[in-house]
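Please go over the structures that come below.
One chain, chain A, appears in both complexes that follow, with chain B as partner in the first and chain C in the second.
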Partner chain A sequence: MNTIDRHYQLIALLGSILAGFFLLSLFIGSNPIPVAQAVLDSMRDDPSVISLILTQVRLPRALIALVAGATLGVCGAAMQGLLRNPLASPGLIGSASGAAMGAVAVLYSGWSAAFWLALPAGGIAGSLLATLFVYLLAGRNGGTTTLILAGVAVNALAMSLISLMVNLAPSPYAVREMVLWMLGSIAHGSMADFWIMLPGTLLGWLMLVGTGRALDALTLGEETAITMGINLSRLRRRLFVATALAVGSAIAVTGAIGFVGLVVPHLLRPLVGHQPGKLLPASALGGAILLLAADIAVRLFPAGTEIKVGVLTSLVGAPFFLYLIVQSRRW
Partner chain B sequence: MGGYRAYSVFLTCILVYAGISKAQPPSRVVSINLCSDQLLLMLARPRQIASISRLALEPNSSYMSDAAAGFPVNDAKLEQLLSLDPDLILAGGYSSPSLIRLLKRLGYRVEIVPSSVNLEQIHSNIRLVARLVGDEDLGETIIEEMNLRVHQISVRSSSTRNRALFYQPRGYTSGSGTLQDLALTLAGWRNLSAELGVNGYGSLDLESLLISNPDQIFTSAYAPETDSVAQRQLRHPALAWVTGNNPLIDIPYRYWICGGPMLVDAVEALADAHQRLH
Partner chain C sequence: MKLEGKELFQSLGGRPILKGVSVQVQEGEMLGLIGPNGAGKSTLLKLMAGIFTGSSNQILLDGRPFPEYPVIDRGRKIAYLGQEGTAHWPITVERIVALGRLPHLGTWQKPTEEDHSIIQRTLRQSGLSHLASRPYPTLSGGEKARVLMARALAVEPELLLADEPVAALDPSHQLEMMDLLRRHCDQGGSVVVVLHDLRLASHYCEHLQLLLDGDTLSVGTPDQVLTTENLDRAYGIKLRSDNLSITEAFALTWEHGSSRTPGVDN
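Right, the complex of A and B next:
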């Protein structure tokens, strides 16, 4: 069996797992509802309460988890490929916390009410700013340590700015939303939130299409990649902008959900033969699966105890991160 | 020990002064809590009021913000209160116990207006403040007027009790034992949150809210014209759908941040909404 076939098999497998989790997430909520009846009801002009729960509460939540998870997964894979560093992820290189910072600035200042794209635009701008800052700090050929230190610094700066803005916000509810922006939640998303995040994420995904070959070439080293005709600075610009667009839009709605972008590419890398190009679509599917699964798990807690989905992804992600550190010590 | 002597002379003066002033109505009343502020502003003569808390001026929180304009404000800080030279200090149920203990130890007369969640408690608080400021007749007049308006509302409200609930940012709702529950019931509504078993203020998830199938959803915005994720929750399209595109009705927060005669204004607004439904 050749590797191409195996790759398509993996994609098909991940795709069917994703479809299964997506359907499952429509069935699980704080109250059991007859889903088949709800689907039939939603076809009618006069929707019933159960069809409302399906189409206005559970469906947007599942869609947001799917798009946000896929975004974090694919952007993590792209960043790890570009920087040839297993620790690069939207969370670690600042684009996630930067996006949250931009979204917080737009939301609590009241600009988000001015026009509907203001929120994702703020997220995109914040994400771009933070990533560029890390990139400049780490330097063009910065090693792992420099990159992580720069990421830690920018993350800390973004978090303190979020904290400051939230404390100064005129809304009395703002301070309690600190946890949301630091850990992320998709509990109360509506279809409107989904439409807000969709254009930016789709644009970001589209920009990533076709970068696989360049990322594959990059594994051989920068000089080799250049001799193979890869324009490195253009590739960098393209990936940074794509990540900012996708992660910025997603996180402006969900808050900074951690570890998905780090863990998913790692888990899948051996399955795609360590090829960054093939890792991109696989990580998109894997990220969506992980976030959907985490969101389903969050719903299984009894109603009233509101566990944020980001708490769960971090709970799974942090031990994995430790495992990575232990692994790297053996090198 | 000159400083100590001066201090004890000062303390004695205060004690003697407080002793004398008990005989006649207080002339320098200081209130350190929004709830006692509002009752004081309703029941005392303006010249009796020495100071009210800063929140009394804030129009979203204070029903008496117009009447409060012009009075000196305090932030319930000890030094500030001493410099006001009060002969009666009114505090609320949630005022700092250590501050109250200290004021009492220094010989000041401190009276606490407890928080109230039913009509009897509201009446007893009105009587308490009326007695303290020496105008019990005015207190009785206000109570009679309240009872009359509540009675008029109950006469005009229809016999069918429709389903309603309060939904606040972050998914909070008012269950049994809250002023919102009292007002909804007086206005002829069924409070679904109380029926769902929410006691006091608790959270209600969106799915449970939709399944309870309310005819009307009310909210009581604490800080209008600000934005946050919590406040965006109230704009969820399913909320409008479930009530048949009945928009969310906002009842101003100042009617029930404290129990008082202003609660009847909220009951009237709720009863008007109930009538519009039929």
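Right, the complex of A and C next:
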């Protein structure tokens, strides 16, 4: 069918844009390096400085942006589909603020200095904890509104705990650590960081595979979806666990990165004929593109003014989202 | 398909709604559920649709209890059209109707040629072909109702459950809608339909089941159910004139005129 062809065309287009941005992000940095030479150097036994910049700085940075962006995009699309609300974000069910709370708690306690895995582990644990809390409050049988309200409440609780920890921080240095982490950045990500986030995000993605059909059915409302053979409580459980794992793992490494999960599905939805199922893969690609592009953009600011990528996405995302809402009021 | 439910109970929010209602639907039959607001009609319909789980109720499909059927099987055999049905995204009419084929397709299965022809035929029979590429939110209330009915018909279910499907429709489209349900029965399917218009109910349904306060007040042919006594007990209404018989009063006194509704092509 024609429409199916169009969908594959869109996926192919997004895929090539993504590949382009990924390559571009390897080429752009504070110091120009001959990338071809660096690739050749990295294969030798005694790698040169430029090859180290490529493999130890730029490559992990690009990989983290790709995986984190794709995670935020696809989880945003899944949440919007589940709640049938274009204003839902992957963080709505507590995953992002929970991850932030976990990470800040680790920074507060000082464990992060003691062993390097503590920070991401704390983030993932916080994400799972907050999501579980939302699920127990409203996830099993509660209506959509209950779920959103529970998410708002748990997010507020997590944010207040973060404030409390910043407030009681043992040293100005710790405060700075926490605040900087919350701004969201992938500038200093290492390959180790990438490997830490990969299992959780991959597992989350795998759990999302095949949920598109159920999300399509949910277009007609929960009761009708049930009569179409969709097991709604199982779907909810699956999406909650997937989002908690994937978003938690990503945010634990990158820090808070806002609006990617909100804007990307919103932007791509008309291109897939508003079908929630088809929106999932498109949003994964779109999220990766957006975060890579944002991370490239922050490198273009003059050296010395280090703008965090999370600040940039929010700065650009919020007004853009407002614009989308005003636009969509036609419906 | 034959559906049978014996002494069904259901509470909502701690309030008992159904208090031991039994229901039977035969193959090829259209059963009309009537009764005052709050009698339990919608709840009974949802129970038959399998929306309430975990209750101890026993509903038999062709003699086999509900839980023995995988949910996806039930999704193919029974289609449900809710009273507050809607589509949450501005997707096109054709795509909404295509959702009716979803229970027939596996996770990665593409719609077959047959699925496509069923979708097109349903659009045509529902008089929606000219709206096929329109986004759902741009439709009028009546058009929306017909689109959602077309989605349910596209399932090609053995049993179609429809909750007040004609509430938003003008007289002509009410007839169209009821004709569609009638045709579904003529082709061997069964229909349970909740109706408030007693004339449509008595004209189109073989049997009526009159519910009152979570229980069956009367069940049988329209003539048996729509009696002076039942009307008074259930609705608190009576005929204005003594000269008119009940049968005359609930006869459908209009039909399709010579200028059919634009867009309907059957």
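Just so it is clear, the second predicted complex is superposed on the first by the 264 of 331 C-alpha atoms of A that agree within 3 Å, B and C clash if a C-alpha of one lies under 4 Å from a C-alpha of the other, contacts with A are read in each partner's own complex, and residues count from 1 in each chain.
Methods note: a residue touches a chain if its C-beta (ideal position, glycine included) is under 8 Å from a C-beta of that chain, and two chains touch if they have at least 3 such contacts.
The structure displayed is predicted, hence computed values, not measured ones.
Asks: Look at A:84 in the shared chain and tell me whether it touches chain B only, chain C only, both, or neither; answer first, second, both or neither.
Replies: A:84 contacts chain C only, not chain B.
Asks: Applying the touch criterion given at the start, work out whether A:57 contacts chain B, chain C, both or neither, answering first, second, both or neither.
Replies: first
Asks: Looking at the overlay, does A:45 come into contact with chain B only (first), chain C only (second), both, or neither?
Replies: neither
Asks: Between chain B (first) and chain C (second), which does A:5 come into contact with in this model arrangement: first, second, both, or neither?
Replies: The answer is neither, since A:5 touches no partner chain.
Asks: After the superposition on A, what does A:273 contact: first (chain B), second (chain C), both or neither?
Replies: second
Asks: Determine, under the contact definition given at the top, whether A:110 touches first (chain B), second (chain C), both, or neither.
Replies: First partner only.
Asks: Could you look at A:216 and tell me whether it touches chain B, chain C, both or neither (first, second, both, neither)?
Replies: Touch status of A:216: second partner only.
Asks: Chain A residues in contact: does chain B have more, or chain C?
Replies: Here the partner covering more residues of chain A is B.
Asks: Name the contact category of A:172: first (chain B only), second (chain C only), both, or neither.
Replies: Touch status of A:172: first partner only.
Asks: Using the touch definition up top, name the residues of chain C that touch chain A in the complex.
Replies: Per the touch definition, chain C meets chain A at residues 46, 49-51, 70-76, 78-82, 84-92, 95-96, 99, 102-103, 105, 107-108, 110-111, 116, 135, 137, 148, 151, 155.
Asks: Tell me, which parts of chain B touch chain A in their complex?
Replies: 169-171, 202-203, 205-208, 210-211, 213, 222-223, 225-233, 235-238, 241-242
Asks: Give every residue of chain A touching chain C within the complex, in rising order.
Replies: 1, 4, 84, 210, 213, 216-221, 223-224, 226-231, 269, 273-276, 331
Asks: Can you check the complex and tell me which residues of chain A touch chain B?
Replies: Its residues touching chain B are 29-31, 33, 47, 49-50, 52-53, 56-57, 107-108, 110, 112-113, 169-174, 176-177, 180, 188, 190-192, 303-304, 306.
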